[in-house]
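Handing you this structure, nothing more for now.
Naming follows writing order (A, B and C), and every chain is counted from residue 1.
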Amino acid sequence: MEFFILLSAGLANGGYYALIALGLVLIFKAQDMVQFGHGEVFMIGAFTAYTVFAVVGWPYLVAFFAAVLAATVVGMIVERWLIRPIAHMPHMTLVMVTVGLSFLLKGAARIEWGKDIYTFPAVFKSGPIVIGEVVLMPQQLVLVAFTLTLSVVMYLMFKYTALGKQMRATSQNMTGAQLSGVNIGRVFSSTWAMSGAMGGAAGALSAPVLSLLFPDIGTFILLKGFAAAVLGGFGSVVGAVVGGFAVGVMEKFVGFYIATALEHISAFVIIMLVLIFWPKGLFGKKDVTRV
Amino acid sequence: MRISAFFETRWFPALFLLFLLVIPLTTNNYFQFVINLVLCYVLIGFGQQLILGYAGQFSFANAAFMGIGAYTTSIIFTLNVPILIALMAGGLLAALVACLVGLPALRLSRVYLALATIAFGEMTTWVLTHWNSVTKGGDGMYSPVPVFFGYSLDTDTERYFLIAIVCFVMVMIAQRMLASKFGRAFIAIRENEMVASCNGINIPLYKTIAFALSGFYAGVGGGLYAIAVNYIVPDNYDLFQLVIHFALVMVGGLGSMYGVIVGALVLTTLPEVLREFQHYQEMTYGVLLILFIVFIPRGLAGFLKDRRILPREILVHGWKEEIPHVREAAKTAAVFNVGAGAEDRGEEH
Amino acid sequence: MAVDNVSMNIDRGCIHGLIGPNGAGKSTLFNAMSGLVPIKQGSICFEGVDVTHLPVHLRAPRGIRRTFQHVQLMEDRTVLENVLVGMHSSISTNPFKSVFGLGAEGSPDKAAREAAREVLQFLGIGHIALTEMGGLTIAEHRFAELARALVAKPRLLLLDEPAAGLSLRSTEALDTLLVRIRDEWGATIVLVEHRIDLVLNVSDVVTVLDNGSIIASGRGQDVIEDPGVKRAYLGVDEEE
């Protein structure tokens, strides 16, 4: 019976790991870079939701949209004023800039929220859902449902919409895409806006599940998202989702059957093992190894 | 005479050593502590500089190497081993671990290597926190008071001499190593591996050497750091620590020994400057990083070299001896020259 | 398949020109000789030794050196440092010798510097030895890369479009130097060039590649008269 408890807990966590991974994969697919500040976008979403829902006292739905809006705006500002001016620079430079960005955002959050831990109150007044011995929070179901829906939408977008095709073209060859008429600026804006929205949504939806919030949460979440994206194969939407749930489940099983302390670092071990032995991940097509 | 000429004189290392030995006469306890930290960070920062700035490998496990060095030195010293041996042991273990970390580097491309090494760093912190029997766990442990030939180094000043001498010697060694086929090989690898191998450079071998040296320096630096701060905790060697190393190298300037020294000075004193504004520390690091990455890619050292305040760092031992030959050649160059312009590019004194 | 059914015999001590339209496989052939691309079928024999599967970094010490179509140098380093990369295999790897200079040879880089000096003088760029690549002209870049390939006295020199981007005067200087390298240094040179005049001027033998196969080989004058060659080059401007 523990199996189902662990499985459901793992899948529930996997829900937001997958969401984070999706945000990372989106930027990767469109700009061929890894956004190290994505964890902080999540954090902004979570804290915005907290402020609106727990501090001001407005309904959760309002808090959710506020979080998505805030994160989207941050994403767009960062893209327009920080990333776009240096878009011509080598990818690693852009990546390093996002590292600096993550510190900037985290530091800004710390000014307001310091080093304290905040508790996010439960959203659904009804109690947990109990199936046999498995206990689920309604919030977790919402999270998983949202993640699955979003991933389907993203998959379809990349495959069938004009914007999706433009994003793929831009990531493969920016100058080439520009020359064939793609509006690079619009692609970048859309990418960062969407990624921001996803990160913000992830933050708002996960906050009640995580229940404990602190400014450092961004880094912690980011690494889980990386593990998911790496496992699934960076650059694959399907991979991000499968990876997310897989990481969530693996963590729980390792934590229970091997050692509780190991639960926390399973994600890191996954990152390292996958990159060492199967760099392409489960679904990845992009070659991660050196030319 | 340009300021940089002062740094280039033959007696400069000796003068500098003298200067280092005299510093304690001018400082108070607190200042001394900060200076001790600066020197530790010169070695620690060099670890990151070597692997990133010289060899061009996006490895970010330097904080882990520092932690390994700090703990190894402290633990081994409790076994009544002489302090210098304990330091070397810390460096060697870190170097060994670095070689292992370097193995995937032989195959992974940039961002993925960065991810893997960051993950490794987090794992190291976890190990340091949970291996209670050895590291005393999350609460940390005392790094024991070093004893040098029976004389116990209690004060910051006394420790300073140990730290300063080790640091000086290791920096001198690093300079020699960089101005040799090793330094040039690292940069060749950074620039273009394919071309480097066509010139006879065994890429896996030299990458491993770079990782080992990087780990060694960060490890010894970590050991000295443990001595300087007296009490070490696993949390200290986390991502935040790594960003300090990274910022040190970026602010100081990639691929430059002077960059490491300048970076260490700036980054170590920065928290003191920002003491009033502790809240803004992280933001400042973030902004600094972004500014330097985007606008000042060659860092402060690059800036100072352009202004002829810092000398050029040419990775050829005895390159000065070429100057007269270059001048000779410049005389005939005006007669037979290659290329479009007959610009006199003879080296000025 | 970039190169198919190519069988070449390169005689020692001669300059061998390799020409052909774009995409004919010339650079691929070079890359195969350097060991950068794997050979699925066939073999490479160098001075009597089968080097087909020899790792890239072991070819240079055997005396096989090359330059690249687009100059590949460390741009933020001086000419001297770049040239000394070419001496990598000649300098002892033993750190006590190469770093600390312990041992009979004394200062580790000293002999290397002398070799560099000699080659830079030979090529006429001794005056920029201590100048960073960043500020130099394309001709100086090309000659610096050539110096790197020459500094360890190679026995086989593979030059990939060494004259691309050079002025007439520099190309003439290059011509002279290539002949001198063959005569004074005893090196064998294989030269890929689009500049037919340069190739004809210096080559002892010319091979023409088209679509990955050899379509002609022999004396320069004979080769360009060959109808197959003319067809391959139809539409391509042969004159500078």
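Keep this in mind: contacts are C-beta pairs under 8 Å (C-beta built on N, C-alpha and C of every residue); 3 or more make two chains touch, one makes a residue touch a chain.
These figures come from a predicted structure and were not determined experimentally.
I want to compare two interfaces, B-C and A-B. Which one has more contacting C-beta pairs?
Of the two interfaces, B-C and A-B, more C-beta pairs touch across B-C.
Going by C-alpha centres, which chain would you call the most central?
Chain B is the most central one.
At what distance in angstrom does the C-alpha mean of chain C lie from that of chain A?
Spacing between the chain centres: roughly 50 Å.
Approximately how many whole Å separate the CA-defined centres of chain A and chain B?
34
Given the complex with chain A, which residues does chain B contribute to the contact?
58, 103-104, 107-112, 114-116, 118-120, 122-123, 126, 130, 193, 239, 243, 246, 250, 279-290, 293-294, 297
Would you pull the chain C residues touching chain B in the complex into a rising list?
Residue list for chain C touching chain B: 34, 36, 55-61, 65-66, 68, 72-78, 80-81, 84-89, 91, 93, 95, 98-101, 107-110, 112-113, 117, 120-121, 123-131, 135-140, 143, 148, 167, 170, 173.
What part of chain A is in contact with chain B in the complex they form?
The touching residues are 33-34, 82, 85-86, 89, 91-93, 95-97, 99-108, 110-111, 114, 219, 223, 226-227, 230, 234, 261, 264-265, 267-269, 271-272, 275-276, 279, 287-291.
Quick one: in the complex, what on chain B touches chain C?
Its residues touching chain C are 173, 176-177, 179-182, 184-185, 187-188, 191-192, 194-203, 255, 314-319, 321-323, 325-326, 328-330, 332-333, 336-341, 344-347.
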